[in-house]
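Note that the chains take the letters A, B, C and D in the order they are written out, and that residue 1 is the start of every chain.
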Amino acid sequence: MVQLGLVGLGKMGYNMRERLRAAGHEVVGYDRNPDVTDVGTLADLVSTLDAPRIIWVMVPAGEATSQTVKEFSELLSEGDLLIDGGNSRYTDDKVNGDLLAAQGIGYIDAGVSGGVWGKDNGYGLMVGGAKADVERALPIFDALRPEGPREEGFSHAGPVGAGHFAKMVHNGIEYGVMQAYAEGFELLEAANVVEDVPAVIKGWQRGTVVRSWLLDLLVRALDEDPELDDLEGYVEDSGEGRWTLEEAINNAVPAPVISAALFARFASRQEDSAAMRAVAALRNQFGGHAVRKADE
Amino acid sequence: MVQLGLVGLGKMGYNMRERLRAAGHEVVGYDRNPDVTDVGTLADLVSTLDAPRIIWVMVPAGEATSQTVKEFSELLSEGDLLIDGGNSRYTDDKVNGDLLAAQGIGYIDAGVSGGVWGKDNGYGLMVGGAKADVERALPIFDALRPEGPREEGFSHAGPVGAGHFAKMVHNGIEYGVMQAYAEGFELLEAANVVEDVPAVIKGWQRGTVVRSWLLDLLVRALDEDPELDDLEGYVEDSGEGRWTLEEAINNAVPAPVISAALFARFASRQEDSAAMRAVAALRNQFGGHAVRKADE
Amino acid sequence: MVQLGLVGLGKMGYNMRERLRAAGHEVVGYDRNPDVTDVGTLADLVSTLDAPRIIWVMVPAGEATSQTVKEFSELLSEGDLLIDGGNSRYTDDKVNGDLLAAQGIGYIDAGVSGGVWGKDNGYGLMVGGAKADVERALPIFDALRPEGPREEGFSHAGPVGAGHFAKMVHNGIEYGVMQAYAEGFELLEAANVVEDVPAVIKGWQRGTVVRSWLLDLLVRALDEDPELDDLEGYVEDSGEGRWTLEEAINNAVPAPVISAALFARFASRQEDSAAMRAVAALRNQFGGHAVRKADE
Amino acid sequence: MVQLGLVGLGKMGYNMRERLRAAGHEVVGYDRNPDVTDVGTLADLVSTLDAPRIIWVMVPAGEATSQTVKEFSELLSEGDLLIDGGNSRYTDDKVNGDLLAAQGIGYIDAGVSGGVWGKDNGYGLMVGGAKADVERALPIFDALRPEGPREEGFSHAGPVGAGHFAKMVHNGIEYGVMQAYAEGFELLEAANVVEDVPAVIKGWQRGTVVRSWLLDLLVRALDEDPELDDLEGYVEDSGEGRWTLEEAINNAVPAPVISAALFARFASRQEDSAAMRAVAALRNQFGGHAVRKADE
């Protein structure tokens, strides 16, 4: 059993503390929210833990993570290890890892997948860092990952940054897979050939080529709301899809499916499209085609 | 100077009659609308013209055109010539042409581009049919096409069907080109780096790589409505874009740009997207991500 | 236990006969290949079975299936039932079903998914037809479908045609899902950030959002050939992807992901692209940009 | 008549010197190539010009331009003006402009379109910078831009950066427009319905909706090589297309056409696609579908 400091007890971090404790590990959690934190400050957290320490940071990617790493670079000691389990961009890992390395503090970037289901099912993990650091943290990874062979729910992807890069690509794929199901769902709904769309999708769960966990979730959603009309077709995106596309551009990799999935989300959030106003205006100019006036 | 029967005096046909008459040709027009027609019935039209006759049909593609051709197959005589100038699908030309050929009546399919501007500027023409038929109708084509070298505004594309196939592809290209300008316009508007978007687009009319007639029309539209916000981003499609994509599928030709332009039009007409409701539902299922309820 | 005539003992049909027999059903198989057939002719097959008969047709979609149905419309008797388990286009079902209905013969269209794995795992089934016909064939469907709750591996999608429509959409989704994984794989390979790409993908099998049966198969493929360089990036398509896109067009449903996946397959089969020659020629014309000569 | 220092006498800069001199301006050119340069060093260039000076920099975007600006920040004097006419990313303009502003040196970013045709036809210009700087450089812009109304070939897009942003979007649009024509060309070639593809495209130059300068160039290319088979479908990209897509991502603007055009170029340069190897492998895994071995 190991001892771990866990920073950030939101939706993900809170559940991870539960899962780690259930596995018998000692977890000291810190959060700004006094209702869930175990200690008052990051300094308290550090002093509570026995050196050499392991800290798992689970706060929003970007500024919040960078700031937390900066604070730990001053609080931790040589030989300690910090794991960033958030959805950081892999290019941030180099900066954060170097800052800690200058103090002799180890760094691992851990991509974590599984959402709210991870608490019970385990989280899919892909990590980047030095081999010795990864081995040291293995008991934690083993507690967080799903049951079954370790290599089916965990990978050591490569050096610092590789874990978050792998997670970024995972999420890019996720965008594309979700959009594929979504287009199929819309076509089934629109064509009126299939009478019982939810039954068809439910019937794809076993034996078919498209069976997947996401399909199981779609079935769950349809069980609750058979035409999915309790909600709007309004979809946020949270960074990894954009980054995946940017990396595709940087590496000259065609990514038509992932980009289409991202653009569909952008479009879903527009009340009206400037581009399509331009197309409407052009058709009106050359062909006298009717347009819809904005106040109609 | 030649004599011509012209059936269908809508937006396009009416203007064509004007242009043909201005060129000195004798045009007898027929339309169901008594305000614009020159004769009372198709039979009147046929009896008014001297054999061998030339008839130009300019009615909506599909059922209306097929019906008109069928009526003419009974009214016309051997040696007459019928030209379908509408936006017919090229596969209809084979049927219509064969029907007439069985009566010894010639058939030309003519793709006509230029919209409401054609009356003054001339129409771009691409025709399919037998060489002798095309040569016989050349005075008409010369009157309709723009000034300048014939081969820059007119082509004999091949046998029956080739004219409408060429026009179909022309329109598929048009979808893609319009969408390219539209995406650029939206990005200029959204990014807030360029202060005077209409001025930039106006300034693209001379010397740039993207100068075109469609760009000139976009400038016209922006002159009237600088942010194009008098109208909605709601865009119809009228057949040729769909057919182009279907032919791309039939011929295993990748058509990512033309399909993207068509799908953008489909999406522009949706109040809400079933596909994006499915994506929103999935994100909610796995990550507990917030969704917008339909009644918010 | 029921008795069944099974026509077409290729890769799919052969396995299905095995699975049905293992479940205790009596299967009389027919194939043109004398090595695998149980009877010499379709007429033999019909005379071997007790009326009312059930025939499962498992031959290539299109002409072969239509021809087989036509032959059975003359061989079968009122009260018999024919099930088309091939990958027929759903519009064929109406024709085939009507032909048989005129003789009082029932018709079910059955979409079958699962590939070579179906023999052991069971096949995902989605069927269209009259309720009474479907209930009559239920023992066969139950033997073919995977273990577990019936509704998770089987659906009665609607009237004749609905089964193949559902299967068509299933396959369209499959195209998109496969392409999403494929783009992610290429990006992982190209970016050189992740050191052990097969380990990362293997590690996605449990706990992650993108876990699926197709992912399991990708892991299998990578186990055999870690960089997938024993084979070419040349991918056939077999109809359903094209049909899905055509139905999306017909129903004005945006399908950017499914179309992108289909076009990627088209492009994968081109040695050289006429479109890209045109782009290269244009760049050369306006910018004097270098081109690659065809004989370089 | 004004005096101008012009740095970079490659394909573009050399022609611009010709055009400016033909308009009566005094141009002192500098290039590392002794065959074309007028002076030996940048310092010579600066000392040759009368203060306050105007310098036009026309060197490759990125490192070369930044380095040149840095050198001029040390050589020029307060009141001088530097114009970057290269294809710099608009985010570089802020850096370069600030560096010069700190020395009291003015800065304009000028997007220049027109390629090798600009020497005779004039260049489309879109510039960013302070109003006073732009007015000061107007005689130069007027000499470079095409004849006709100034606002049709020139725009003051906004503050520093806006000129290159406008040029970036211009090029993004260009990618999409070229790809639209290219897809149409490939479909005409593949379908074998049109007999004389070059004649059809030549016939689109007048009267049609798709007439444009790029179409004229396609006609030129087809005049030289009617099936465009002297060259390969291999297409480079030079930055602006990628940047346009990155800005679309940053601004949540759907850009399906521009991205498809960029990805088509990426794919055109791949001998074999890792993504499509993955799809082939998957099809083989689930369906036993044949694959092409790499050594076939």
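Criterion: a contact is a pair of C-beta atoms (placed from the backbone, for glycine too) under 8 Å apart; a residue touches a chain by one contact, two chains touch by 3 or more.
Treat the numbers as computed from the prediction; the structure is a model and nothing was measured.
Counting hops only between chains that touch, chain B reaches chain D in a minimum of 1.
Farthest chain from chain A (centres taken as the mean of C-alpha atoms): B.
For C-D, the equivalent interface within A-B, B-C or B-D is the one where over half of the contact pairs agree by residue number, namely A-B.
Looking at which of A-C and A-B shares more C-beta pairs in contact, the answer is the pair A-C.
Each chain gets one centre point, the mean of its Cα atoms, and the points for chain A and chain D are 38 Å apart.
Distance between chain A and chain C, defined via averaged C-alpha coordinates, is recorded as 32 Å.
Chain centres here are Cα averages; for chain A and chain B they lie 47 Å apart. Under the contact definition stated at the top, the residues of chain A that touch 2 or more other chains are 114-115, 179, 181, 183, 186, 190, 209, 214, 252-256, 260, 263-264, 267, 273, 275, 286.
Listed in rising order, the residues of chain D touching chain C in the complex are 11, 114-117, 178-179, 181-183, 185-186, 189-190, 214, 217-218, 220-221, 225, 228-236, 256, 260, 264-265, 267-268, 272-294, 296. Only residues 209, 242, 245-246, 249, 252-256, 259-260, 262-264, 266-267, 269-270, 273, 275, 286 of chain A touch chain D when the two sit together in their complex. Per the touch definition, chain A reaches chain C in the complex via residues 90, 113-115, 118, 121-126, 145-148, 151-159, 161-162, 165-166, 169-177, 179-181, 183-184, 186-188, 190-191, 193-196, 199-200, 202-215, 244, 247-248, 250-258, 260-261, 263-264.
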